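Contents: one structure, followed by commentary.
Order of writing sets the labels: A, B, C, D and E. Residues in every chain begin at 1.
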Amino acid sequence: MIDWSGYIGLILQGALVTIQLTIMGCALALAMAFIAGLGRLSHLAPVRWLATAYIEFFRGTSIFVQLFWAYFVLPIMGFDLSSLQAGVLALGLNVGAYGAEVVRGAVQSIGREQFEACVALNLSRFQTMRHVILPQALIVMLPTFCNNAIELLKATAIVSLISLSDMTFQAQVVRAQTGNTLVPFTTILILYFMMAMTISTAMRWLERRLARGLDGVRS
Amino acid sequence: QDNPKLEQLKEQGFARIAIANEPPFTAVAADGKVSGAAPDVARVIFERLGVPEVVASISEYGAMIPGLQARRHDAVTAGLFMRPERCAAVAYSEPVLCDAEAFLVKAGNPKGLNTFADIAAHADATIGAPGGGTEERLALEAGVPRDRVVVVPDGQSGLRMVQDGRIDVYSLPVLSISDLVRLANDDSLEMIAPVSDAPVYCDGAAFRKGDEALRDAFDVELAKLKESGEFAQIIEPYGFSAAAAMSTSREQLCAQE
Amino acid sequence: MASPIIKIDAISKSFGALKVLDDLSMQVMPGEKLALIGPSGSGKTTILRILMTLERIDGGHIEIDGEQLYHMQKNGGELVPADERHLARMRRKIGMVFQLFNLFPHKSVLDNVTLAPMLTQKMPREAAEKRAMELLDMVGMADKAKNMPSQLSGGQKQRVAIARALALSPRIMLFDEVTSALDPELVEEVLNVMRRLAEETDMTMLLVTHEMGFAHDFADRVLFFDRGRIVEEGAPDDIFRNPKQERTQSFLRKIIAAGHRV
Amino acid sequence: MASPIIKIDAISKSFGALKVLDDLSMQVMPGEKLALIGPSGSGKTTILRILMTLERIDGGHIEIDGEQLYHMQKNGGELVPADERHLARMRRKIGMVFQLFNLFPHKSVLDNVTLAPMLTQKMPREAAEKRAMELLDMVGMADKAKNMPSQLSGGQKQRVAIARALALSPRIMLFDEVTSALDPELVEEVLNVMRRLAEETDMTMLLVTHEMGFAHDFADRVLFFDRGRIVEEGAPDDIFRNPKQERTQSFLRKIIAAGHRV
Amino acid sequence: MEWDWEFVWSIMPTMIEGVKITILATILGSLVAAVVGLVIALLRRSPNWFISRPVGLFAEFIRGTPLLVQLYFLFYVLPGAGILLSPLVAGVIGLGLHYGTYTAEVYRGGIDNVPRGQWEAAKACNLNPTQTWLHVILPQAIPPMIPALANYFIAMFKETPLLSAITVLELMNQARSIANTNYRYIEPMTMVGVFFLVISIISVFGLRWLERRYGRVER
């Protein structure tokens, strides 16, 4: 009947795009999370405002709208982006805004006394963050970062609506070619779930690795 | 001749075209290869213009012209029928593919819907059409209220929605509907073609306003193709009539109301 | 005669509506060991935190080793509020040990001690570790150098914290109730370290404590605080045996009633 | 002669590898007031929790008022493990007061007391409230009936908890260290309530306590537990004045040294 | 392309039609999510392994896969099994199910935060399991969860544009229709963005209030 092998290949091509989007989106999100999260804790009011504006803007408007904006409006305003760039930009900036709040919360969860110990040891603000606060805050952030990464993975599906040929998009193509809806959609649901599981397994492993240092198993 | 856009395309070696994945106008095969009458014509012409490749991206009809304006595509070759307001928004080539409109309905046409006017007159008949496509506009112009015009993302969804009874009519060009019906192979469906209160439309390759020089170069090659008979060889296997396209012109179609 | 290493001149400090330090002045000579005692909330911790620049003052002046702490001289000689660079330079002279140790939980004992010298004094790792091991040896913690703080008892943690503060070789050490969070049986090991420290070095030390017996042995001079002011000061024997002020007497009575040694 | 209201027969209970109750048997007569004493971890709380069905037993049998607690008779007369319905029916006979009160924080004092009668006995609201006010009056809390638990002191909370347990008119009351979470000055008010309760009702009461003086006044019989077994039992005077077992003696010595009244 | 105020006013009525549907979908979706979440949370606590594990896996699966694909599934695949849902109903069920897996976690946390002593006191008062849940556990567990639930309510609101993919005529779909017929993306897309931003800024204040009101419990 239908030659599924070719179509599965198409979906796997889409899976590659989805993975690519997820990885690049996560990289951008991670960078933005730290920049904006630490920016919100800055002593300089303008930096704080800028970070807050970024965070509130991207958390406030829907990812969906941001994606359409990046895809259709930005080029008209003179920013030429490929659809992949538009996708990565929207996903990374959006999830980065959520991540920024995670970074801020984690840094603030580190007791004031750690900051004070650093003042007493005359570490600079940068040294304090780099050597004392962030190593401890990172462990607090990880579980939420894991959730954020999975949110980002799921959000990649909507890039199909700006005709980026990710997994969901390819499932639509297969559906149009074959007239069968159940098979392509079930396939990609399972693939998405496997990717999500991979992320959470990897994160748990990382968490254990990092937590080990704190527990003092090292001797 | 001064044609910077074409020079640019030649240099990069490919042209980006928008398609709709609506066989037989445009189609994507299992291996991801783009075919369909419109891209095939475009491919040949671009080749002759010295642009060896076309790169297609699938898009909604409604997003094609904004995408063209947003410089996402260099041309739209997707069965985007010429209509006056589109002619105002983009620069069309001479006609390429012509087709009448058709309805996909449940077998026996239970609500007796044969024209757009019938749908407008029927109190609760709903019609599905691609967002931003010709059919959506025809329905609205015939007086079907907005809430009975359902925007359907793609042909397969439209077919499905007729089967499931979510909409009474799904409207697309004749060849598209017949392709859907063939693929579905479902006795409970019926095609009504042509729809008598819809004119025969032709599409052309659409270019950005400002790229008229490229369009003109495209037209020259298109005319040569038509003359040599190659044009008919390309589109007729898909079911289109070359004679129909050659019997009319952009000027006529853009003035058509 | 030597000039004072700490000169506090009419400083005041409020938290919101609460005036915690009120026009307070005091001086400390180099090498002096000072005990600050007084009821809870009298401002003892606050004065240490101000010296460590963990709190800012509302008014007054502080001179450390002949230099303004919170002010600096502009070109014209005019005094202006200190910037972060000035504060960082001043902080080098001061070390502090906290009630709750405040060790870095993600770093080993050794790394806790070497971190600041390596970062702030650009000391090479070997030199920093050599010095750290000497200090850890002094506080009796050399054998735990590779442990993580979570594996230590409270008393051990506090001894590491002392070594960490000493690693920067400050001229002034501040101790804020360094034993009050410890189980009774662990107090003595920390006090022993501090006794040795007081005997063997000529560092200036300010000690806030409720251990009156220790304050008596340790200090050259005792200051009794109440409500942000110094109510009485003098040699330990005078303060503990013959307090002149009614407030001091009643405070010491209460302390004795609660079973503390004097 | 009356038959025992509680008959515990060779029960055992382990938490993981830890054997907490070991082949324990005991009987309680109706109306008897029993004090369970013994070192920490000896299983006193566990036995009360088992009677309240908060823990299950691993082996043995318990009979309450002539009926099996954890077993029930199938048609054939054969004993099978009890189902939830049987347990619910048996629980009606038993009330318990916890060390940490466990009042429902989202309900007023009055609602805390009326909740169970209204829900489990389908008592109409008026009747439930009338009875609740009587009980609250008895524990001296009638004037706080409209208060929320968070507005009460520990002693007051515990008195409400006692009223709540009494509201179901159980035949057996279990008290687990009901005063040990209270500030010393609040202990007496709770003990007074319990003294009255012991005098005025003929409820069977099991009391776990470290207040030896109170246990002495309150109990008809004292059981001394150690490591999940009853080491010694007898009249309060015998146990407290002339303990026969070495373990009981050393336990009481320690308690007295720690300043508890006997 | 220039911003055209006249065009903005001309499309305003259509956009408002979309806003109504958006709000309706959010409210209905939240109700479904609130109930589904509670059911999942309770079933996952079931001592019966054959109930708790499949429900747990199901929830993980829903949470690990994109809402967009789930919506396609509900809308296009289920009719094959004879279940024909109207677009709005499919959308509400999709949103409710997806967010139900999130609210289930909130419920779980809230329930776990009720001290064990409360369960034991309820047993000592001889309440049956239903009475214990209704009168003792849930009244204590729910108020502290309200801010977290509200947070998901807002998140769901921002995901309603996805319903446009299954032909629900909510705000985003109206905006796209307008863009499709007028070949203008800037105004409708920006308006959608502004609309979401305004709502979410307002909701930030609402959330703060909820946190003050319900965030802390007195015990």
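By definition in this document, contacts are C-beta pairs under 8 Å (C-beta built on N, C-alpha and C of every residue); 3 or more make two chains touch, one makes a residue touch a chain.
All figures in this text were calculated on a predicted structure; none of them were measured in a lab.
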item	value
Third chains touching both chain C and chain A	none
Set of chains whose contacts include both chain D and chain B	E
Chains most often in contact, by C-beta pairs	A-E
Chain whose Cα centroid lies at the greatest distance from that of chain A	D
Chain whose Cα centroid lies at the greatest distance from that of chain C	B
Approximate Å spacing (C-alpha centroids) for the pair chain B, chain C	82
Centroid distance [mean C-alpha coordinates] between chain B and chain A, Å	38
Interchain centroid distance [CA atoms averaged], chain C/chain D, Å	52
Chain D-chain E separation of Cα centroids, rounded to whole Å	47
Junction residues of chain E, two or more chains touched	1, 76, 165, 179, 185
Residue list for chain C, restricted to those that touch at least two other chains	none
Multi-partner residues of chain A (each touching 2 or more other chains)	72-73, 76, 175, 181
Touching chain combinations (by label order)	A-B, A-C, A-E, B-E, D-E
Residue ranges of chain E touching chain D (in the complex, touch as defined)	115, 117-118, 120-121, 123-128, 131, 135-136, 139-140, 217-219
Interfacial residue positions of chain A with respect to chain C in the complex	113-114, 116-117, 119-124, 127, 131-132, 135-136, 213-216, 218-219
Parts of chain D lying in touch with chain E, wherever the complex brings them together	52-54, 88, 91-92, 94-96, 98, 100, 102-106, 115-116, 119-120, 148, 150, 164-165, 168
Chain B contact footprint on chain A (complex, rising order)	3, 6-7, 9-10, 13, 71-73, 75-76, 80, 83, 162-163, 165, 169, 172-177, 179, 181
Residues of chain E touching chain A in the complex	1, 60-61, 63-70, 72-73, 76-77, 80, 158-162, 165, 172, 179, 185-186, 189-190, 192-194, 196-197, 200-201, 204
